[in-house]
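Please read through the structure below; I'll follow up with questions.
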Amino acid sequence: MTPREIEALLKERFGDRIPESRLDGLCSWSLVDPAAILEVARFVHDDEKLKMDHLELLGGVDYKDRIEVVYVVNSLTYHHRYTLKCRLPRDNPRIRTVESVWKVANWHEREAYDMFGIIFEGHSDLRRILCPDDWEGYPLRKDYTFPGKYHDMPV
Amino acid sequence: MDTSLLSQIVFYFFAAVTLASAAVVVFSRSLIYSAFGLLFTFFGVAALYVFLGADFLAATQLVIYVGGILILLLFGVMLTHKLYDLNLKTETFQVAPSVLLMLAVFGVLVLAMMQTAWYNAGPRQPEPTTAAIGTLLMKDFILPFEVASVLLLIALIGAAMIVRRRAE
Amino acid sequence: MTRYLKDLWYGWTTTWHSMWITIRHLFRPNKGYTIQYPTVKAPLPERARMRLFNRIEDCIGCGQCARACPTDCIDIQTEKRGKDEPPVFASDGTPIKLRTFVFDIDMTLCCYCALCTFPCPTHCLVMTKEYEYAVYDKRDHIYHFAVDKPRYASPAEKEQPAAKA
Amino acid sequence: MGVLEGKFEDNVLVTSLDWVFNWARSSSPWPLSFGLACCAIEMMATGASRFDLDRFGAGAYRATPRQADIMIVAGTVTLKMGIRIRRLYEQMADPKYVISMGSCSNNGGPYWKYGYHVLKGVDEVIPVDVYVPGCPPRPESLLEGLIQLKDKIRRQTIARKSEA
Amino acid sequence: MESIRDLLELIPYTTALPVWVQAILPPAVSAVILFLFVAVLAMFAIWLERKVAAHMQDRLGPMYVGGWHGWAQSIADTIKLLLKEDIVPAAADKALFKAAPAIVFIPSFAAFVVLPFGISSIVADLNIGVLYLFAVASLTVVGILMAGWASNNKYSLFGGMRSAAQIVSYEIPAALSVMPVIIIVGSLSMQQIVRAQTGGIQNWFVFRNPFTFLAFFLYFICSLAEVNRTPFDIPEAESELVAGYHTEYSGMRFAFFFLAEYSNMFLVAGIATTLFLGGWSQVLPAQWVPKQLIPGPILFFLKALSLVFVQIWLRWTLPRLRVDQLMYLCWKVMLPLALVLVLGAGLLAVW
Amino acid sequence: MIGLGHYLVISAALFSLGIMCVLTRKNAVSVLMGVELILNSANLNLVAFSKYAAGNLNGQVFAIFIIIVAAAEVAVALAIVLSMYRMLRTVNLDRADTLKG
Amino acid sequence: MNLDYSGDIMTLNMGPQHPSMHGVLRLELKTDGEVVVEAIPHIGYLHRCFEKHAENIEYPGVVPFTDRMDYVAAMNMELGYVLAVEKLMGIQVNDRVRYIRIIMAELNRIASHLVAAGTYGLDLGSWTPFLHCFRDREKILDFFEETCGARLLYNYNWIGGLMFDLPEGLERRIIEFLDYFEPLVEDLNRLLSYNYIFIKRTASVGIIPPEVAVSYGITGPNLRGSGIKFDVRRNEPYLGYEEFDFEVPVGKGEFGPVGSCYDRYMVRIWEVLQSCRIIRQAIAKLPPGDVHATIPKRVKPPVGEVYMRTECPRGELGYYIVSDGTSKPYRVKVKSPCFTVMSGFREYSRGAMIADIVAIVGSVDIVLVELDR
């Protein structure tokens, strides 16, 4: 399926919960209402025509005024790919976890939590993954200030 | 004669090793130390067998007691406790009465020994015992030998049956 | 039972196959695989990228290398040459308008990507084939190439020098 | 340092003992098989057929720090790992030496500037004897670093250092 | 022992020494000689292993230490290990931790006593030689368990337990695979066993009958397992258990483990040589060459070292087994095979 | 000169130590060790008598039987101890009272 | 003999420094005797903040950092990044650049798989294959060094072109190398892959069923080892891979269930041969051209975002790049194949023995820096 068809399918199914889409050859994406992400995820995973059973990438992007969560999904059956995005407020970003749809989301979400402080509600094991447990701050946010010292080692 | 003096020294040495390590077995609070004490007891007893001219028996003692029973016991100690726990302590109870009892038993035994006039066959030159023991086992003691082998088989199967985990 | 015997047979034969390979390697003369390093040194290819070197007499102090460096391991400080000074030229004829009084390369930061050597207008910054420079003190890995001393004691005395990376 | 150090005055016997000890130590530096990142691959390549670390007697990679003599810090040391590296170093038996291999462990390397999670040089946590440059160093560079380390070991003495 | 006593008598004034010194001197001297011998042997085996491994892997191995092909490499290693700091972990059980290396090393050292290097070069020709070997070998297990447990390290403990289970199990097929030889000779004395094989290669027990032929391979494989060599080196499997039971050992104590491992290697090779390859007896049939041309001890070493070489060869070829596969091999393959061999050899002997 | 009496005394001491071990220990494995001591002392007696008193090897043969029985006994006993540990999470013999009413 | 001791759960820490952990992975093993009840991976011991660096460095300067992510297959790593930026900027490279990139990527794939196979042998206690693999890998590294001057981290693929053209006569030498190398794969197989101990150690261990593999987003040889025929080079071709004739090997489950360690390992070995085929074709078709022709003077992509995925030796590598129109990327997010593989480790390692854990970690062939970035 082409991105245009996927977008049409999503629009048809979810209507105004897909507020915005951009279809170019580089990375076609649709914006998804954060509240509906789990439904949309389950839909694209289960739908017979989509069968997006492969979550390629889940990550955050800090846009200074908002944080976006990006889901790149892919189908091993039909070899098509699509991107979903959710816009979250910068302070206290919260979104439902898609762990129940793609198991790999577990670690991806932990990483996004570690790097951006996005809290995934319903996640089974939301801990820091790359940084040590007692790390402070969310390193990939644009306003992140480097800590001076960690334990007794200079940073 | 110098060799008899030397052999006496060695005898007393091994006797001391045996008894001291047996004491460790009994009095040590740590199970592992008990087990390793047992190693030296077995070793000392094996040495005493050599003194008694029982070379085959000494080797058998080492093979079976040290190589088999002691390892089994060690495994038993380690398996029945937290594996990586260094403090495998064991409790003791009734210490005072058993010390009394022990002394009493020892006294009675030694007294009885003193009182008995043992028949002494006289000193004999030690000779290889392996072939003779084999002949004895296969001729005079064939029935006990067979019984023992059956016993071993039963014990083997029984042990395996007992430890086997039942399929839940 | 056949499976058991088959297992045994496979185990036995494949072990021999493996052993045949290793024994062949043992008795085959070592076909010069090993380079006995301190006595024999393998020739490096033409393009080998090792330690950075700067021919300071050709350097015009433009600072393009420092900008290209992804790890900021090049530290250049320059000042404008005075009008009264005789003009200096690099070997390819480019006039050197800046006096480079600090040109330090910290080789402990360098990632040997050679991105700095390409923008150099006079090709004075090159990666050499020198790779044997282990040291006991890591400060010895900072290479100072500049030979000139700054003429003006403080930048405030003259206007701020052009490139300060 | 080891068992005997610092107990003797300097004399002829000590000098010849020194020679024997240093010869032994410099001839068999067993490395800890401990790789972190890119440089670990080059360390493996150094141990492999082409360069063969074993020619110097340093091929016996030990898996446990207790039996190793030199620690080749090959790769980026992160803060999370720094604590462990210090512990590993403490577990090694004297005399022990450290070769810092590659830019990252020398000084943080490419990750020096924005690496919030990278230790700026392994010498922040453990003392380093030889710094081998490169990113990653060629196997020859590591061998050269090892030779430098041997030179350093050969200059050691068990004689009591004068109080200076 | 006798020869050493003779040797000592040549030295003047020994008769003037106190009686007990006179009594204790010969065994002591022979023990020291034996120890040096074992140490040198182990060092040579280590060097050999490194060189052979290197060449199998298209490398060169030690090249510089001592000059020609790094012949002094093991010496340097040993001196260095002896000089290294001797760490006793704070959490370890100190007494057992310190005792374990000795308990591991002493049996492998003591077992050399009954190895017949030549017609007269044997320290003690016990009439229960083979049994003695197995008795002494069983002591090693205790030392390994001790080391594993006393280190207070989970890897060590795993290594110790694995090793103990492995050695105890493999002792059974190993002992059984020796039985065919003993049945044929009718004696447990090592020297007698060798004497039964004199007269050339056709008299060696490997080639005596099919049962002994198979028994040789069986014994060799079991002995590999008993000395923890690849493919049976799971107790010290580097990639799994770091270094097994000697993970926490450093310096001199580790050197003892190391020495024990390599002297054990030579020991089992020596036993296999004695039992199956004719020990010090000559290779060529006596019909062709009636007199023994090469001295016995040299022949013995050549035979044993070639077996050591096979051990090394195997080690650098094969991956290692898993614990359960190892036990499977022991109980389901080796043991039935060994029993069949004993039965067959017995029937053959009776018949 | 070492005689029969020496061995008998050692054996008696071993025996009483074994008795002591069996009596004072609560741990099942410890009790097994005590039993081993007792068996060893009996063995020592047998072998000593076989040398000094009997003059034949019957005593040694009996000792071999005892060793065999000891091996079997330890195997079974340890199996019992292990399964007891698995069920009760302890090897304290006082706790093995599930047969009590 | 079964070594399950007592039912006591014991926690065993494998790593971060452990000989078999391919770097500094830490596994928290909950063991019951020899059986691992649960293996929990802890990562981040090599987190080198690649994404932070990428945001602070100009586009061409990121390439050396992508090299350092998967240092065993640096050519492939930088290729993915470079392709992503080129896609964003709309640069069409000429055929010579494409073919050289393919040759280099495939050579690098061979080198990477050789490391994987060699260290896998090492994990299972067999040293010699490791050194034999490294011996042949050295020859590949020699080609790289001749071409771009570095052995391991190349910075060879530039945005819009290549650092250098191939040196004189390299094509011929690569062909010579392939002629020498292809028979040696059979040697390696006889030494390691067909060894019965090796098969027994791997063939029924660490099974990743296809549905688990898909759910955990496992890609590359690990996915193909589970029997799913998916290869980005074939299914979403880039660089003109569609012009090449090669097969996508999948795990066959010859000696056990499909998706075992053995299948994953063998897929790599077969892939090596397929890469040889691709290289031969690419060299045969190599057109003339200028490799610097399309390199932009200044890399300043338009505002936008791009997702580009390539087939790396370890699996599918994706770059998600957000550009804000400046000369530095606004955000670079990497989809790292090792990360997804390890995320499922807890599931497919359950019930293995301690020795199997080593076999499984080796068989999924992770590179820790790529895992942690």
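Just so it is clear, A, B, C, D, E, F and G label the chains in written order, and each chain counts residues from 1 on its own.
Operating definition for what follows: contacts are C-beta pairs under 8 Å (C-beta built on N, C-alpha and C of every residue); 3 or more make two chains touch, one makes a residue touch a chain.
Only a predicted model underlies this, so the values are computations on that prediction, with no experimental measurement involved.
Common neighbours of subunit C and subunit E, by the contact definition above: D, G. Steps from subunit C to subunit D, minimised over paths through touching chains, total 1. When the partners of subunit D are compared with those of subunit E, the chains appearing in both lists are C, G.
Looking at contact counts per chain pair, the maximum sits at B-F.
If each chain is reduced to the centroid of its CA atoms, subunit B and subunit G end up 60 Å from each other. A separation of 44 Å divides the Cα centre of subunit E from that of subunit G.
As a whole-number value, the distance joining the C-alpha centres of subunit A and subunit G reads 25 Å. The centroid of the Cα atoms in subunit E and the matching centroid in subunit F are 33 Å apart. Multi-chain contact residues, meaning those touching two or more other chains, occur in subunit C at positions 15, 18, 21-22, 25, 33-34, 36, 70, 111-112.
For subunit B, the set of residues that touch two or more other chains comprises 56, 60-61, 68, 75, 78-80, 83-84.
Contact with two or more other chains is made by residues 6, 10, 18-19, 44, 47, 49, 52-53, 57, 64-65, 68, 128, 131-132, 135, 153, 191-192, 195, 197 of subunit G.
Residues of subunit D touching subunit G in their complex: 33-38, 40-42, 44-45, 48-50, 61, 63, 65, 75-76, 78, 80-81, 84, 88, 110-111, 113-118, 135-136, 138. Residues 79-80, 82-83, 116-117, 119-120, 124-125 of subunit D are the ones that touch subunit A when the two sit in their complex.
Across the complex, subunit C is touched by residues 53, 57-58, 60-65, 67-68, 128, 132, 135, 142, 145-150, 153, 155, 163-164, 167, 187, 190-192, 194-197 of subunit G. Those residues of subunit E that touch subunit D in the complex are listed here as 50, 54, 57-66, 70, 72-73, 75-80, 83-87, 238-239, 242-243, 246-251, 254.
On subunit C, the positions that touch subunit E within their shared complex are 4, 8, 15, 18-19, 21-23, 25-26, 30-31, 33-34, 36.
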